[in-house]
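One chain, chain A, links the two complexes that follow: it is found with chain B in the first and with chain C in the second.
Then we have the complex of A and B:
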């Protein structure tokens, strides 16, 4: 993968397949500590202990079209390549939390990429699910919660309405720029 | 600044024209393969192009969505256009090709034959 944002898009698909109704994505940048942490939490069907162990094995997959499942193993490898770490916790019936820590200064670090684009597409393509996107950078932060947007939009306007989709793209872009602004 | 008030404006506008599209629903579904294989092959710019182009043209009865791996990874990015019983499979897509599919196929009803799986299979 050329961007971590693409991995997020890929791994989030597992949460969607797991029947999650709420997916929380957190991207935390700590420049001083040279750490980037990506956490993905869902309230889907969860996994058994054995499944949790096997999900990092590229030759394990629940799908039936072929015998390999590379999404999670790739993400784990990319984190560990930078000297970071990867963890996955899950409880059957409760949900799954997946967390990857990266060391951005490492030569093998893959850029975060267009994470806002990923969030926008996830929301637009899954209008019946709720997403919370929280991004922090050295003490500053912003959050977008589709449950709040839904409250404003009411039942008439779905989250995949083209204008709403454009609004989300613009909002995320602005908030990210504010986050990155010089103090 | 993007504000929540803008969202309210979108809602109010939609309420005003709700009669126009309420009962129609989405008649065409565009599915972009977004499994590991599709994403690695560049499916996200393709999906983005579909979302943006459909928004730009204000096409209301088209639903753009993502799907998993349909088993032809060598042809990714794969896009399926589903109109009732009819399904068109486009392969090796790019953002530029996506714009043309919106214009030619979704708007004007002409399948872009040269991008379909039939024209690309060896």
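Then we have the complex of A and C:
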């Protein structure tokens, strides 16, 4: 993808299709080690060992409309093209953890892109699901947890309310800026 | 023009036979698979350096006519096998994408 953020969006759809009620996205930047790690964890229906093996095969898909599924294979390839790695762990009935490690200095590194936009869109388009977004950068970090937002907002205000969506966008932008601020 | 005629015209190496009788409608050049996935025209001869399983999947998904590996790019073994199963011809040429595209366009009678 042109942006890893778009790929995260694509892969997160698998978690949603797997019936997850909680999806945790972690983006960890370690500048000194030259590593960017993206982890997506869900409590969806999980996969058997055989399904885990086949999910990295682009010719495997759970969709019936087409015979090719490229979300996970491309994500894996993009990580490996930078000299990074990819792993997927899953347990039937428990959920799935997918992790991609990138080497940002590599010439084939695809930019992370608008990851905050991805998070905002995931929350807004799936107001009944919960998301945790944690982003770290060289020891600094912030977290946004929709379960906490729900507590503050109460039951009457849905997470796809335009004002809430605006607030999420502003919060993520502000927190990301703080993360990147010079020490 | 069929893929076999195109391969002859390009003096390309045929790595996977596939359906060589299929017509090449046009050409397309690209290496960023997610990009190509959104844009490869149906029936196009696709010029790329990506000789992996994902590239075969993209070609299959978009119903491309063949893959032309440029600059003698390598074809992975699993990609070779899968292209055979999918009946997708894979050709290989020495020229880069730019020169190959010029030659494909000339063979197909396409102009800018």
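The criterion applied here is as follows: the second predicted complex is superposed on the first by the 183 of 183 C-alpha atoms of A that agree within 3 Å, B and C clash if a C-alpha of one lies under 4 Å from a C-alpha of the other, contacts with A are read in each partner's own complex, and residues count from 1 in each chain.
Note that a contact is a pair of C-beta atoms (placed from the backbone, for glycine too) under 8 Å apart; a residue touches a chain by one contact, two chains touch by 3 or more.
It should be emphasised that the depicted structure is a prediction, and the values quoted were computed from it without experimental measurement.
Overlaying the two complexes via chain A leaves chain B and chain C side by side, clear of any clash. The wider contact with chain A, measured as residues touched, comes from B rather than the other of chain B and chain C.
Judged by the touch definition given at the top, the superposed model places A:152 against chain B, while chain C stays out of reach. Residue contacts after overlaying the shared chain place A:174 against chain B, while chain C stays out of touching range. Between the Cα centres of chain B and chain C, as seen from that of chain A, there is an angle of 80°, stated in steps of 10. Residue contacts after overlaying the shared chain place A:162 against chain B, while chain C stays out of touching range.
In the superposed model, A:13 lies in contact with chain B only, and not with chain C. Contacts of A:124 after superposition on the shared chain: chain B is touched, whereas chain C is not.
Using the contact criterion defined above for the overlaid structures, shared-chain residue A:70 touches chain B and also reaches chain C. By the touch criterion defined above, A:52 lies against neither chain B nor chain C after alignment on the C-alpha atoms of chain A. Closest contact between chain B and chain C, by C-alpha atoms in the overlaid model: 5 Å. Common to the chain B and chain C contact sets on chain A are residues 1, 6, 66, 70, 74. Those residues of chain A that touch chain B in the complex are listed here as 1, 6, 9-10, 13, 17, 63, 65-66, 69-71, 74, 117-118, 120-121, 124-126, 148-149, 152-154, 156-157, 160-167, 170-171, 174. Those residues of chain C that touch chain A in the complex are listed here as 32-35, 37, 52-54, 56-58, 60-61, 82.
Looking at the complex, you find that chain B touches chain A at residues 1-2, 4, 6-8, 10-11, 13-15, 18, 34-36, 39-40, 44, 47-48, 51, 54-55, 58-59, 63-66, 68-71.
Across the complex, chain C is touched by residues 1-2, 6-7, 57-59, 66-68, 70, 73-74, 77 of chain A.
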